[in-house]
Each structure stands twice: as structure tokens, then as C-alpha cells.
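Two complexes are shown next, each including chain A; its partner changes from chain B in the first to chain C in the second.
The block that comes next holds the complex of A and B.
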């Protein structure tokens, strides 16, 4: 059974590889976005050396690594699942001897693998030529960062699966998927580091899974978290990953009970 | 012209009939459009918690520019909903049907895809401009509403011309290009005062891809402290130029069109 799942990763990876040209323009688009925020932040800082503990160099690195992290963990599992529900092909998939959600997750891995090697890494190289980014010198930090990015991917995919499964319960979850995307970008810290949020918002965000997607790994990469704080950040991610399994299982159970397929 | 206007009325009536069946969709679309702008506004508000000004621009001024952008973009997206042009008209061959009819092909396609929910974002932009207007205590002159109308028409013509040119590329090449998303992201630069960018980008936004004319330049006409009379008054001129280029590329492209063969 495990080999079948591994095969799914391979197939999705190869499929993405066939469309790799589309992702070259993706690198340019991400560089354009990073550029916009780079100039904005420079103007925001003006003469100030630090804001909320960020130096200009740190915020530049933060913006670049956050967007490039997004290049890796982003996927369309929500849309894929909701399409499967709406066009009824989910019914066929459910008769097959595998777990549909694990299949989706594996396809996500395949896409993630592609995005990591052919989007994020080359993108990071391009961006580091364009903007003054400071890379950490400690190799351990890179290892921890990659592990945390892995959990970013898992948590983001879990949220995507949850959003996709809503297609069982509402007629049209298109708007919900679009809203989720915008909200994740804001609340995870891609658009704005959580440290800059107003003081009433920060404790609220501590109880939400979003900062675990971008803010925590990027804080480790920029060197804002050190020592024990790094491990605590990783622990927060692990806990969110575990906690999010519960609503997914609950939704999947009640969704299967609701499912009825027209025609076919 | 009156023929086109009568078509417009018919298409809108048709749109309302189909959309009233799915009222929830309408509001969901409006809401998700607004959320996108809300995130950008949150960025501006939060940033100004930490700095008094952005290279001399105060919070209300930056928000005013953003409101103008929303207004122009709302009007533009209502009428130029060409995002899936290549997919729908070229790949699926619907262009053949359009070309057999007497009205101009671009007008038909604009009308078929008219998207009133986008107008709500434009109205919110107008409200934001009004609020910032009051906050800034700007004087209200009799010609301001007329100038606003002229500026918005100019800005919409710039966007319309640019995206019409991009849509017309599908007449020449059927390969899906990443140009439209590319353009969409560069366009975001126009929402902020151009003064924050370096010389190269400023030049690009003014004279190559004139997105600064859909934001800071026309808006500066109303902001006394930042008024750049030359650049703001150039908005309708640039609009006419870009729209003419777009229409020319479109009309030439139509002649190249050979059908998908389906």
C-alpha cells in the first residue's frame, strides 16, 4: 500500500515537471511582489533603524523568505477536492482501495517536491541577486528551517483540505476558497510580520494556526528566534498539525454520510 | 452608439435575470473582492501604527490614493472582464459566433462578460476617498466631481487598453502565457505613491506600463499638498493613447484569427 502512495507522489511530481515553464514566470511574479514590499518597507523605515525589533536587513530577508516559503507550501488541494465533490468523480475514488484524503496529501507532496526544487530554491537565488538578503551562517538553522517549512506545508495543506471539504456542505464554496487564500496570506505573516500587528490582535493570533505557516519559520530564518525559542516554535507547529487532524476526520466522516451522487 | 447602448441594456437585463437566481453567489463574489482590498488597507493601517509618514505621505493621503485605485479598478473590472478570454473564446472557439454578429467584437465580448459585482468595490473606493477627503480637510471645488470623472475614465482606458492588448495576444499565439498574472502583479505598484520606488521603477510605471496613472498621479490632483498638475492632467491623454494602441492591436489581431477548427 505504501508503494502505491509513493507512486502517487512520483506521478504528481512528473506531471508538474511537464508544466515547469509556467513556473518560470511564477519566479518573476514572486520577485515582483517581493520588490513591491521591499520598497514599501524601505519607505516605512525612513530614518528609523529598527521597528518592532526588525532591522531593515531583517525585514528584507523576512519578506523574501516568506514569499519564497509560500512558493513552496502553496497548493490547490482545496480546489481539487471541491472539484472532485462537485463533478462527482469523488464517488469513483471512494470505491478504490485507498484513503482519499491520504491520496490528496500525497499528490500535495509531489507538487511540494516540485515547488521546492524548481520554484523556491531557484527563486531564492534570483531574489538574493536582486535584493540585499542576509543568509544565516549557522548550518543547523537551515536544517531547522527546512523542517519547519515542512510543517508549514502540512498545516497549510490541512487548511486547504478543510476548505475543500466544505464543498460537501455548501452549494458553492468558490468564495470561501478565495477568502481563505487572502486570509492565510494576511494572518500567516506573508503580507505583514505578526510583530507589527496591533497589540490586541497578537494574543488572538496566538490561538490560531496561521502564524505557524509563515511567521514562525521565517522568524527562525531571519535569526529573530534563537535557542530554546526555536524549538518552542517547532513544537507549536507540531501541535497545530496534530490538532488539525481532528476537524478533518470529523468533517470527512459526516461528509461521507451526506454524499449522494447524481447520475453517474 | 445608440445601438451599442441598447445592447448594453439588453445584456444587463439578461445578466440580472441569471444572477438573481443565484443571489448568494453575487454577495459571495462581492465579499471576497472586498476582502482582498481590506487586506491591503489593513497593511496600510498597521504600517502607519509604526511610522508617521511614508516619504512625506500621511496615512490619509495613502488611503486616498488607494481609494482612487479601488474606484478605477472597480469600473475597469466591471467592463473589462477579459481574464478567461483565451480559454473561452479562442480555445473553445466562441469567437466564431461573436464574429458573425454586426456589433464590434470587443464590445460584444465586454458586454457578455460584464461583471457588476466588481462595481461594489469601486463604490467602496469612492466612500474611502470621501472619508479621507474629510480627514484631510481638503477644499471642495465645483470642478472636482468633473475632474474625478475625467480622471477615472482616463485610468479605466489605460487598464482597458493594456488588458485588451494582452487579450489580443491570443489571436497571434495560442500558447498560454504568464503575461497577464505578471501584469496584474506589476499593477499593484501603482497603488502606492511612486516616490517610494527607485528611478528605474518610477520610469517604468510612468511611461512604459503607466500604472501610476491609475493611482497616485490622478489622485494627486485632489491632494493639494502633493498636487502634480502636469502628471495628473496627463491621465486622460495617456488613457486615450493606451486605449488606441489596445484597440489597434485588437483589430489587427481579429484579422489574424483563424478559428479553433472545432
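The block that comes next holds the complex of A and C.
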């Protein structure tokens, strides 16, 4: 079975290659985003050396690596699943001897791999030429960061799957998908690092999965988290991954009972 | 051994009711009303291995719902279901390895990649060994003439080409039961014939059990020894196609075109003593209805043997389309109605008679 899932990753990778032009423009859009945030932060800092413990160099690196991390973990699984449910192509998927949700996850990973290799790495190089970014010197940090990025992908995909599965229960979950996207971007720390959130919000966020998607890995990369804190951050991600499996299983089970295929 | 065993199978859906108007919409916002719809109402049937069975019925009769329960997509509300020795929805992943499914209206190939890539992926999904895959693919590609299509992306295939590829995709793992949901929908007659031939051959050579739904009764006539007819969630007929035709066939009509004007009395005289009914179409054309058990030749010999000049003779038979249409309309396959009002409209019946030669 593993080879089938690997094949799915490969096929999605091939499909992304077939539409690679989309991604050339994507690199530019991300570079503009990073540039905009860089100048915004520079203006906010003014003469200050540090804000909330971030130096200007750290915030620049944070912004760049967060956006580039987003390039890897971002996918449209929510939309794909909800389309499958609504147009009935889920029926075909159910006649195959595999687990639909794992298949979706693998497809998302194929897409992620493509973006990682052809988007994130070259994008990071381009961005590092344009803006003052400090790369960590310790190779272990890179390894940990990659592992954490993998969990970012898993957690983000899980949230996408949950949102997508809502299509079983409501007639149109477009609004839900939009809300989820904004929530993830805002609360994961892509737009604003969690350190800048008001003090009442931080304890709330500690109980939500969003910071595990961007804030934790980016904090490791920029060197804001060190020593035991790094492993603690990784542990938080693993726990969220494990916890999120439960609602997905529950939803999938009840969805299977409710499933009726649109269009006869 | 039985390939499919269905007992008292039932499926109910909850359908959201949308109330009318602004007030209704506001009410819906807070309290949804649902109606229960029963798509399949306690049906039972058995299909032995190696049979080709047609599953027909009007749109919305519950055909697709049944197929979806048989293939493990839908969970039945109640009733027993055993396909290939499995309860489909329970052991779905093991169960689907032994079946093939084609939905005429949905593609199971990956839209953006070459056909062969889809097949290779399916090989891994169904864990078919490389040698088996090669042999099977060669065989299928040859019988369905797909050689040039293999490297094309699915989105660039015509419907007929795609449907042939869908068949291959559903059969690569050599399933013992194949479910086809409207496999010939939208196809031209050449492709339809090709697909029918292919299915027949597969059934003969591999003993594959086939259950197909269709609106094209020629599919049924070409393939099926048995028909299950569904109406409003109930089975209204289950048996041979020939039996259905004899039970429902309404006799035949013969139309004579004479060179000289004739009268109803004159033609009646020709067949005195026979249980037939003449009608006059116009001055020179007369039509005679004869019951099914009577030989056409009996009537022909009498009329032709008479001293009238005949320029043309046409024989009309109620074809399956007519029969089925009537059953749909009456909603029951029980006793046929009075023979007279069932006689087919000439132009439609002609096509039916013609195709039978």
C-alpha cells in the first residue's frame, strides 16, 4: 500500500510540474509580500532596537521564513475535499481500496514537496539577496526546522481536512473555508508573530493549534527558541497532530453514514 | 455460488426542506426542517456468479442508490447485503479489491495526467503484480484499441475514448464482479457496440458477473439474460427479457399498401375466421392487428393470395422500448392492459422492428 501512496505523491508532483507557470508568478507574489512586511516592520521599529524581544534582523528573518514555510505547508485540501463531496466524485474514491483521507494527505504532500523544491528553496535564496536575513549557523537547527515544518504541514492539512469535511454537514462551506484561511494566517503568526499579540490573547492561543503551524518553527529558525524550548515546541506540534486525529476520525465516521451522493 | 445477495434492502435520506419566501428563509436559518426520502424500499434479489443482469428503471427510481450500496459507497439504512462474500460498507477496503466500478457520468481517471499514468497508479493501488498488469493491459488495450491514447492526458480524450479508458481502469485488477452505471451514456453507436461486445467477451472468458444500469434498452437486449426493473424504490419485475416481452408484447401489426382503393369490408373478408382487426389508414392503405400467438404468415398468405395488387408490406412489432415505457407509465409489470391501446405508434415501432431485421 505504501507504494501506492508514494505513487500518489509522485503523480501530484508531476501534475504541479504540468502547471508550473502558476508558480513562477507565485514566487514573485511571495517576494512582494515579504518585501511589504519588511518595510512595514522597519517603519514600526523606527529607532527601536528590539520590540517584544525581536531585533530588526530577527523580525526580517521571521517574516521571510514564515512566508516560505507557508509556501510548503499551504494546500487546498479543504476545497478539494469539499468539491469531491459536493460534485459526487467522492463516490469514485470510495470504490478504491485506500483510505480517502490519507490519499488526500499524500496529494497535499506531493504538492508541498513541489513547492518546497521549486518554490521555497529558490524563493529563500532570492529573498536573502534582497533583504538582510540571518541564517542559523547550527546544522542541527536546520534539521529540527525541517522536521517541524513537516508537522506544520500535517497540522495545517488536518485543519483543512476538518474544514473540507464540513461539506457533508452543511450545504455550502465556502464561508467556513474562508474563515479558516484567515484564522490560520492570522493566528499562526504569519501576519503577526504571537509575541506581538495582546497579553490576554497569548494564553488563549496556547490552547489552539494555530501557533504550532508557523510561530513555533519560525521561532526555532530565527533562534528565539533555544535548548529545551526547541524540543518543547516540537512536542507541542506532535501533541496537536495526535489530538487532531480524533475529531477527524469522528467526523469521517459520521460523514460516511450521512453520505449521499449528489446527482443521483 | 451467489455473487450478490440482497435482502430487504432499504435506504433513506434526509433531505433538507427549503421553506418559501423571505420568512421561510429566516425560519430555515434557525430551524431546519427535514423530510425523509426513501430511495430504495426493502428490495431483495440474488445474482448468481457469471450472470449479466440489467438493472433498469426511470430516473430517480433508486438504481444508482442501489449500486452505491452494493459497491460500499453508501451505508444502507436497513436490510442485508452480501456481495462477493463481503458486507460492502463494513470491509470496504478489502471488498473493493474484488470489484470493478464504472460510473458513466464520473471519471475515475486523473484528469491532468496521461492515461497510462493513471493505470500505473491503479496497478499500485490494487497491488497487481507487474507481469499480471502487463498481460492484462495488453489484452485490454488490444480489444479496446487504445494504443495511441495511452500517453494522452485524460482531458484531451473524446467521451468515447475516455469511456474505453474508464473500462480498462475498472478492470485492470481483474475483478470478479463489475458494476456499470450507465456505461454507454452519450456514446455513439460504434463505441456502444464495441463496449457491448467487449463486455460480452469478458463475461464469457472470465466468467465476470456484471450488473449494469442503463437507459439504453439495446444494451440490455445485447447483453442481459435477466432484467431487474425498479420503480419508485420497489422491484416491479425480475426475470428474463424474453419473458418480459412475451408478457407485455401486444401482438403485431401488418400494414398493406394496395394499388387500388380498398374498403374495410373487403379486407375483412380476406381474413374471415381469423382473430384479427383491420383498420383503414387511407383509401389504399389498410392495417391489420394480429395477436402475438398468431403467425404473420397466416395473414400474409391470405391477403397476398387474394387478387389484390399490393405495392408494399410493413410489419410492426412492439419493441422493448415501448414495453418498458408502458411499464414505467403504469408503474407495474403485472397484467398487461387491453391489447388495442398498446399498439405502437407506427414510426417508432418501425424502427424497433427494423433493428430486429
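Basically, the second predicted complex is superposed on the first by the 261 of 264 C-alpha atoms of A that agree within 3 Å, B and C clash if a C-alpha of one lies under 4 Å from a C-alpha of the other, contacts with A are read in each partner's own complex, and residues count from 1 in each chain.
To be clear about the criterion, a residue touches a chain if its C-beta (ideal position, glycine included) is under 8 Å from a C-beta of that chain, and two chains touch if they have at least 3 such contacts.
All figures in this text were calculated on a predicted structure; none of them were measured in a lab.
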### Task
Superpose on chain A as described above, then tell me if chain B and chain C fit or clash.
fit
### Query
A:256 contacts which: chain B (first), chain C (second), both, neither?
second
### Which superposed partner A:28 touches (first chain B, second chain C, both, neither)
first
### Query
Now for A:20: first (chain B), second (chain C), both, or neither, which partner does it touch?
neither
### Query
In the superposed arrangement, does A:3 touch chain B (first), chain C (second), both or neither?
second
### Task
Answer with first, second, both or neither: which of chain B and chain C does A:202 touch in the superposed model?
neither
### Task
Could you look at A:192 and tell me whether it touches chain B, chain C, both or neither (first, second, both, neither)?
first
### Summary
Max touched-residue count on chain A (chain B vs chain C) belongs to chain B
### Message
Applying the document's definition of touch, where does A:94 land relative to chain B and chain C: first, second, both, or neither?
### Response
second
### Task
Using the superposed model, determine the angle chain B, chain A, chain C defined by their C-alpha centres, to the nearest 10 degrees.
90
### Message
After overlaying the two complexes, what is the shortest C-alpha distance between chain B and chain C, in Å?
### Response
7
### Message
So chain A touches chain B in one structure and chain C in the other; where do those two contact lists coincide?
### Response
171
### Message
Which stretch or stretches of chain C touch chain A in the complex?
### Response
13, 16, 59-60, 64-65, 68, 71-75, 89, 92-94, 96-97, 99, 101, 103, 105-108, 110, 112-113, 117, 120-121, 124-127
### Message
Help me check something: in the complex, which residues belonging to chain B touch chain A?
### Response
22, 24-25, 28-29, 31-32, 35-36, 39, 42-43, 46-47, 49-51, 53-55, 176-179, 181-182, 185-186, 188-189, 192, 196-198, 201
### Summary
chain A residues touching chain C in their complex are 1, 3-4, 7-8, 11, 14-15, 18-19, 88-89, 91-92, 94-99, 171, 256-257, 259-261, 263-264
### Task
Report the residues of chain A in contact with chain B in the complex, numbered from low to high.
22, 24-26, 28-29, 32-33, 35-36, 39-40, 42-46, 48, 51-52, 171-172, 174-176, 178-179, 182-183, 185-186, 191-192, 196-198
